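Each of the two complexes below includes chain A, the first together with chain B, the second together with chain C.
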Partner chain A sequence: MLDKLANLDRRIIYLIVLISVIVPLLNPMGLKIEPSESVAASFQTYEDLPEGALVLMSIDYGPSTAVELEPMALAACDQLLRHNQKVAFMALYPEGQALTNRLIGRLKELYPDKKYGIDYVNLGYKAGNEAVPLKMGLDFRGQFPTDTRDKPLSEIPMLRSVTQLKQFALVATYSAGFPGALEHIRITASEYGMPLVVGTTAVQTPQYFPYYDSGQVKGLIGGLRGAAEYEILTGFKGAAVGGMEAQSIAHFTIAGLIILSNILTFLQFLRKEEQ
Partner chain B sequence: MDGYATEQIVGLWISGFLTLCVFSFLMGDNPFYKFAEHVYVGVSAGYWMCVGYWGTIRPEIVEPLKAHNPVALVPLTLGIMLLFQLNPKTSWVSRWPLCFLVGMYAGLQIVFTMDSMIIEQVAASIRPLLVWDAAHNIDWATTIVNWILVFGLLTGMIYFYFSVPHTGVVFGTGARIGIWVLMIALGASFGYTVMARISLLIGRMLFFRDEFWPMVQATLGGG
Partner chain C sequence: MKRQIPLLITFLSGITLVIQYYVLPLNWIGKTFAGWFQAITAFAYVLAAISLFAVNGKKIRDRAPGWLYNIVLLVSLTATLYMGLICDFIGLGYPGYQPIDEGTAFDWMFQYIYNPLSATMFSLTAFFIASASFRAFKARSIESTLLLSTAFIVMIFRVPLGEYLWLKVMPDGWSISWFIDTFIMGGFNNAGQRAIQISSAIGLISVSLKIILGVERSYLGGE
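This part shows the complex of A and B:
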């Protein structure tokens, strides 16, 4: 029995993890989620913006990481539009432009009275990695002469007077890797002194805590957990809170399996010692 | 068809089918997984070619040249020189644009890395080891956190200092504690990685719950 359990077919473990994810998704339990300090700081940074403030939001993720980053970006957009602030989307990530269109599609459903060009605009993807935020600070209109509809910035009502990066009240990046948050931290925040909020995937979150701790980043939202905390703070009904329940149960299951496998290994060791 | 356009239905079925094909790898390598893998590679290559043209070549070379901007000839020439790498006899030509790329990136990285990742981070790690609150009492919570940060930083650095042997109280004990600090940091990082991987699974399950299944119900009348 001991050997059988110790050499359990890995497909059974996959199945157990799969069930632990599916069950909470189908039967939400309402687990309590407490917002952490760095997520609350992100929320407060958005809250402190004056009405009508311009925010530059960099959508630096692709479809594979959208499950973690899209809920936090959507909750932030909801918070901004609710307070009559304006969002200009850009992307350092090639897939970012398409995912911005998806985000805008959701915003249109949520806020049918908000108009493209007046409340939000898509400046699209720019190739060049570090060179993009660098040129943004030197010559914003040179970097983004038009939006994705080829309309010059001078003809877009919300950006008509914008010629410099400094005219934005805040920059936010929802980033899955390179290029993304690190480029914005190094150039947009450190070089040009822009206030920056960062949302990242869980894998990257530990990498960015030192920047939050040093004050280079105003707020940090990490992974699905961070997105769920953000939804709790904003009151936005998104996908992250439901997903976080599945995450918690899956973590319990994995932790349980790790403990069980350690116990089995220890028992096997004891049996060998006896023999 | 019940609120769904044909391209939406086809897209959702393809997405659902390919997700299951990829998941089938958990049962072992099989033709369905191979099919999904090849589709992914092919579509990615096509996508990146389009991104390369519409994101870089057209705005940075084609349009400036149309506007008679001669500066665009510089990246065009350097780009063409990179292609010389394809022939072993002329590959030496590609070293010049590569030198340009390496030099430019090194210059950018040195400036911005030095400022944001070294100077600002070092400044942030210089913390008072005794913190007082507004009522002039010791703020134990912040004091302990600052001690952990400074102590962890120093022991971690001692572990990576290889110019002297890791023996004695300072370097021997310091390096041993440094390993523990690193292990704790790596453990926390691994925890986040597990969370991210589970998130990917949750993402696909949410797709089936919120997008695929409602479409099936609407089109096949299953609900």
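This part shows the complex of A and C:
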């Protein structure tokens, strides 16, 4: 019996995990989420921007991590447009441009009165990894001569006078890995002194904490938890808060499985000692 | 000569870039190199596509194990290339629109094929992680027990249900989130991450110097 449990069929484990994710999604518990300091700092950085401020938002994730990063990017965009600020999207990730289109699609639904080119613009993906933020700081117009519709920046109302990176009030990156947050921290924030907000996946968050601690990053939003905290702060009704309940139960399930496996190992050890 | 010329190019490029960083009037060199680097990176995509055709084509020709999957890959690659590049290039695309724009066939492929497939593949890791944790996360030594306990605290109490249970049991003012943020993430994690990042940066400088000076030549292949 002991050995049978210790070698539990992986399909049973898969089934347990599946149930633990589906049940809370179907029956929300309405658990309270307390915003952490680093997420509150991100929120405040956006809040402190003056009306009409220009924000450069780097969409550096693909569909695999969109479930964590898209809710935080969407909540931030909502916050910006609500305060009549302007967003220019760019991407260091190849898939970022298509996901920006999706983000813009949602913004069009939420804010039908906001116009492309006046309130938001898509500058698209640029190949070159760390060379992109490097060149962006040296010659912004050279790096982004047009938007994704091939319209020169000089003809886009919100970017007509923008020739330098310094003219943006804030840079934000929602990043799943390389290239993304680290390139923006090293170059956009450290080299060019731009205020930077970082949103990242849960597994990467510990890597960026030292940069938040040192002040190189103004705010840090980590994983679905961070996105849920951000939604609470902004009052935006997105997908993250609901997702956190499923994550809660899934974490407890995995923790339970770990405890069970350790108890079984201990009992097997005792049995071996007795023999 | 076949090895000496690349070594010389590497040496001159490396030394020039180091010098230009510290000499203000020479900063334009760095700017030019950044442009070249971007062009090379973009060209790498072309090279990668050619390499995919070559490697998978060989496997299909040799009927290597799983060659049917190689066919699926090449068909997908060709269809994506056709929709995203060739179709637009030969004028059959959407005049006035980029292939990536909303509503195009390429965008449809991205949103309804690539997007769900990619999300599904990543979501599957949750099941593998659960199964792997059950089999591998064992407290067999002091180090593994410490690691397991820390992971356990973060996993349980960084989610709303854990916080809710903690507040139900513990007296007012005993915040587990504060403990995790201040001691685990802000303390142990920051110290460990800084050590890793600083040491890997020093390691990177050392490897870069070896490459610039021609001591490390493995990137040339053959050795």
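The working rule: the second predicted complex is superposed on the first by the 275 of 275 C-alpha atoms of A that agree within 3 Å, B and C clash if a C-alpha of one lies under 4 Å from a C-alpha of the other, contacts with A are read in each partner's own complex, and residues count from 1 in each chain.
In this text, a residue touches a chain if its C-beta (ideal position, glycine included) is under 8 Å from a C-beta of that chain, and two chains touch if they have at least 3 such contacts.
Keep in mind that what you see is a predicted model, and the values were worked out from it rather than measured.
In the superposed model, A:Gly215 lies in contact with chain B only, and not with chain C.
Of the two partner chains placed around the shared chain by superposition, chain B is the only one that A:Val203 touches, whereas chain C remains out of contact. Within the superposed three-chain model, A:Leu138 lies in touch with chain C and out of touch with chain B [touch as defined at top].
Contact with chain C, but none with chain B, is seen for A:Ile258 once the two complexes are overlaid on the shared chain.
After overlaying the two complexes on the shared chain, residue contacts for A:Glu191 are found with chain B alone; chain C is out of touch.
When both complexes are overlaid on chain A, the residue A:Leu110 reaches neither chain B nor chain C. Within the superposed three-chain arrangement, the count of touched residues of chain A is higher for C, of the candidates chain B and chain C. After overlaying the two complexes on the shared chain, residue contacts for A:Arg225 are found with chain B and with chain C alike. Of the two partner chains placed around the shared chain by superposition, chain B is the only one that A:Ala239 touches, whereas chain C remains out of contact. Look at A:Ile22: by the touch rule set out above, it reaches chain B but stays clear of chain C.
Overlap of the chain B and chain C interfaces on chain A comprises residues 14, 17-18, 21, 64, 66-67, 126-127, 131, 134, 206, 210, 213, 225, 247, 250-251, 254.
Residues 26-27, 47-48, 51, 55-56, 60, 105, 108-109, 112-113, 115-117, 120-121, 123-124, 185, 188-189, 192-196, 198-203, 205-206, 209-210 of chain B are the ones that touch chain A when the two sit in their complex. Those residues of chain C whose C-beta lies close enough to touch chain A in the complex are 30-31, 34-35, 37-38, 41-42, 45, 98, 100-102, 107, 110-111, 114-116, 118-119, 121-123, 126-127, 129-131, 133-135, 137-139, 148, 152, 155-156, 158-164, 177, 181, 185-186, 189-190, 193-194, 197. The touching residues of chain A, when paired with chain B in their complex, are 11, 14, 17-18, 21-22, 25-26, 64, 66-68, 94, 125-127, 130-131, 134, 185-187, 189-191, 201-203, 205-206, 210, 213-216, 222-225, 239, 242-243, 246-247, 250-251, 254. Those residues of chain A lying in contact with chain C across their complex are 8, 10, 13-14, 16-18, 21, 29, 31-34, 36-38, 62-67, 95, 97-98, 101-102, 105, 124, 126-129, 131-132, 134-135, 138-139, 148-150, 206-207, 209-210, 213, 225, 228, 244-245, 247-255, 257-258, 260-262, 265.
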